[in-house]
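Supplied in structure tokens, the structure appears directly below.
Just so it is clear, A, B and C label the chains in written order, and each chain counts residues from 1 on its own.
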Amino acid sequence: MNETLLTKSPAVTTASPVASEAPIRAQVSNLNFWYGKFQALHDVTMPIRDNEVTAIIGPSGCGKSTLLRCFNRIHDLYPGVRYEGAIELMPDGLNLVGRAVDPILVRLMVGMVFQKPNPFPKSIYENVASGLYVRGIRNRSEVEGRVETALKQAAIWDEVKDRLKKPAYELSGGQQQRLCIARALAPEPKLLLLDEPTSALDPIATAKIESLIADLAQDVTIVIVTHNMGQAARISDQTAFMHLGKLIEFGDTEQIFTSPTVEQTRDYITGRFG
Amino acid sequence: MSAVTADAAAATRSLVDAKRRQDLIFGVVGIVVLLVVMGLLMTLVADLLIDGMGRISPEFLTSFPSRRAAAAGVLSAWVGTTLVMIVTAAIAVPLGIGAGLYLEEYAAKNVLTDAIEINVSNLAGVPSIIYGLLALGFFVYALDLGQTILVGGLVLSLLILPIVIVATREAVRAIPSGLRESAYGIGANRWQVMWSYILPSARPGILTGAIVGLSRAIGETAPIITIGALTYIAFLPPSPVSANPPWISFEWLNSPFTVMPIQMFNWTSRPQAEFHVNAAATGVLLLAMTLLMNGFAIYLRYRLRRTVRT
Amino acid sequence: MEHTLKSVDAGLGVLSHSVAALGDLAVAQVRAAVDVFVRHDLNDAAKVVRADDALDLQDAEIEKNAVRFIALFQPMADDLRRPIAAMKIAMQLERCGDLAKNIGKRVGRMNAAAPAAKSASIAELGAMAADRLMSVVSAYRADDAQGAYSVWLKDTELDERHDEVLREIVAGMVADPATVEDSTHLLFIAKNLERIGDHATNIAELVYYQITGADLTERPKL
């Protein structure tokens, strides 16, 4: 079922596409995950390369969001979850899902943006600053500087610089989502997780966020879950295809979307799934 | 061909008409019921106002009860009610909110906490006189606190504690999970999430719950009678402020007292009609205080909703 | 496996049918041109020339359909390779048609029928070219990567035979200078047939790429 397409064809093949050589920022190794008795992730192993965008795609229920939420231990908010295996954050090799590792510590290093824009019911400034306050950073000038930097990285500074004290709810959906991105960026995380960040937004807002993601990768490593294959193809450097909790194929985005090696991947990408 | 569609159109029309008639009947029935209920309520209130309104005067508010109806007043009663309410609020609100927050955010979700949740909800339905009996046996006799304002406040707090706890839990539960997740997501620990994110959002609901509880407490008679609030008090508890250091005293907590419902009850059980008028006047006052508290709750909710807007 | 969206399969079907049909037309044109040459039938030669218009139209149609498919369906992976390969193969086939038409034109300009030996050689070359084209069109129709690969491997056979025929014709020119004009036409006709063979090789590479996504490299050369 998973036989590679190339083994079916004869003769000469060209050299395989040049694999990314960027250093690894996080290494997922044999990760298994359970919700109670149900095993949602089976033996997932893949590298997350530094300053690159890694996309995770797959049909509903394939475990892509589950995998993403392992990176910042947000599963720990709910009872009955269990991890096995490791996600090692380089350069120290800290195991993000290790039992002995405090989830709060993990979340101080890994930021997340959720599918539905969910700014805090506070002002725009306070939203972005909240990650800093939580870390005890209260020095006025430092906070102001980092808030501005984060808002610029999220490509929303110009739109809000004159109304930083206004409530975040006055912003449009797309703006709120960029605000959430700024909020996640302000504490300068090592890894930024995006869980279907544009699925609730219109095409123009989506395009703005896709554009800022491409620029953002220069500053921070990004992992994005998306059910929009075009989006994965447009903005990611590496793509992982998952199905039923297993990693089916992982590779450079260019290779996955032009010549996937596994038939299941090809079927999903071309709309032959189901 | 056109006959068929004409038939179909007629059938649709009669269906629509039938539905419209249903709507109309339901609307009419609803309005009738509303009028009946509101009418009854208004009649009762109007009766009370007619009987009691005239009796209310500054003298009435500042006189102690007396054997002569014309000279009797509600001073000790409304002071008693106010002081007991202060004690009740001071105990029940922090405890209730704290317990609600702990149960909702900190306690592990297991069989024990489920049992606690069921029991707390059930306690809200326990007849209030049972609380009175409990307070009598435990506070008044076992702890030997006497029949004082403190005990009055304690028993009423116990009574409304379940209401505050449940209201707090419901308010916290109503917060969308997105808010909790993003608060934890930025690296906040449990205390920070609770204090800076959950509590501000839940504040309107919690405060409403607290005031609903207090509105209930203000009218509770049975537990107060049971613990032995006096019906004839011609003195006021000691003042909380004094001229000598320390300038605040808590002596008043240990003072005997009465409350407005009890005063009302006492007056209605007398044969003279003038006392009934006094009772009606007290009723009007009690109604006014309750409406004031509810109005305050609505106002608070409105103000807080504008800033929070979850 | 079929696509969830039926119109994608329908679009791809239309493309491959029209390319295969164009392939059949091209093969028929090549055989007709060679036949017309052997019989030296001037009327039929003119018909061959006129028949090329149909191939040009079909090529334009395929290109239009391919662009439409890409715009409407934003295809990925092999779904994208198909319309792209279809456009390129159609172009190759249209070139084959042009070469066949050119042969027809030259027949019209020759003074006399070719001498029997040369005619037979050219006919043989023509059969080889037409057969190669037919094989590769069959491989396309059947989605047969192995078949395409076989055609691709045998490129040298036609080239070698073409070289022999060239030497024959040149020898004939040297022996009898009066036949130079007609012999020149023979040279061009032979060259056209060799190029048809090259186009068949190109098509083979495209079919292979369409199916596997990989390129056939190191084209066998003389």
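By definition in this document, a residue touches a chain if its C-beta (ideal position, glycine included) is under 8 Å from a C-beta of that chain, and two chains touch if they have at least 3 such contacts.
All values derive from a computational prediction rather than experimental measurement.
Comparing chain C-alpha centroids with the centroid of the full set of protein C-alpha atoms picks out A as the closest. Set against the C-alpha centre of chain C, every other chain centre is closer than that of B.
In terms of their C-alpha centroids, the spacing between chain B and chain C amounts to 93 Å.
Between the Cα centres of chain A and chain C there is a gap of 50 Å.
Chain B has its Cα centroid 48 Å from the Cα centroid of chain A. Across the complex, chain A meets chain C through its residues 5-6, 8-14, 229-230, 233, 257-260, 266-267, 269-274. Listing the residues of chain C that touch chain A in their complex gives 1-5, 8, 74-81, 145-146, 149, 208, 211-218. Chain B contributes residues 108-109, 176, 178-189, 192, 196-197, 200-201, 307-310 to its touches with chain A in the complex. Chain contact summary for the complex, chain A toward chain B: residues 72, 74, 77, 79, 104, 107-108, 111-112, 114, 116, 118, 120-121, 130-131, 133-135, 167, 169, 180, 183-184, 187.
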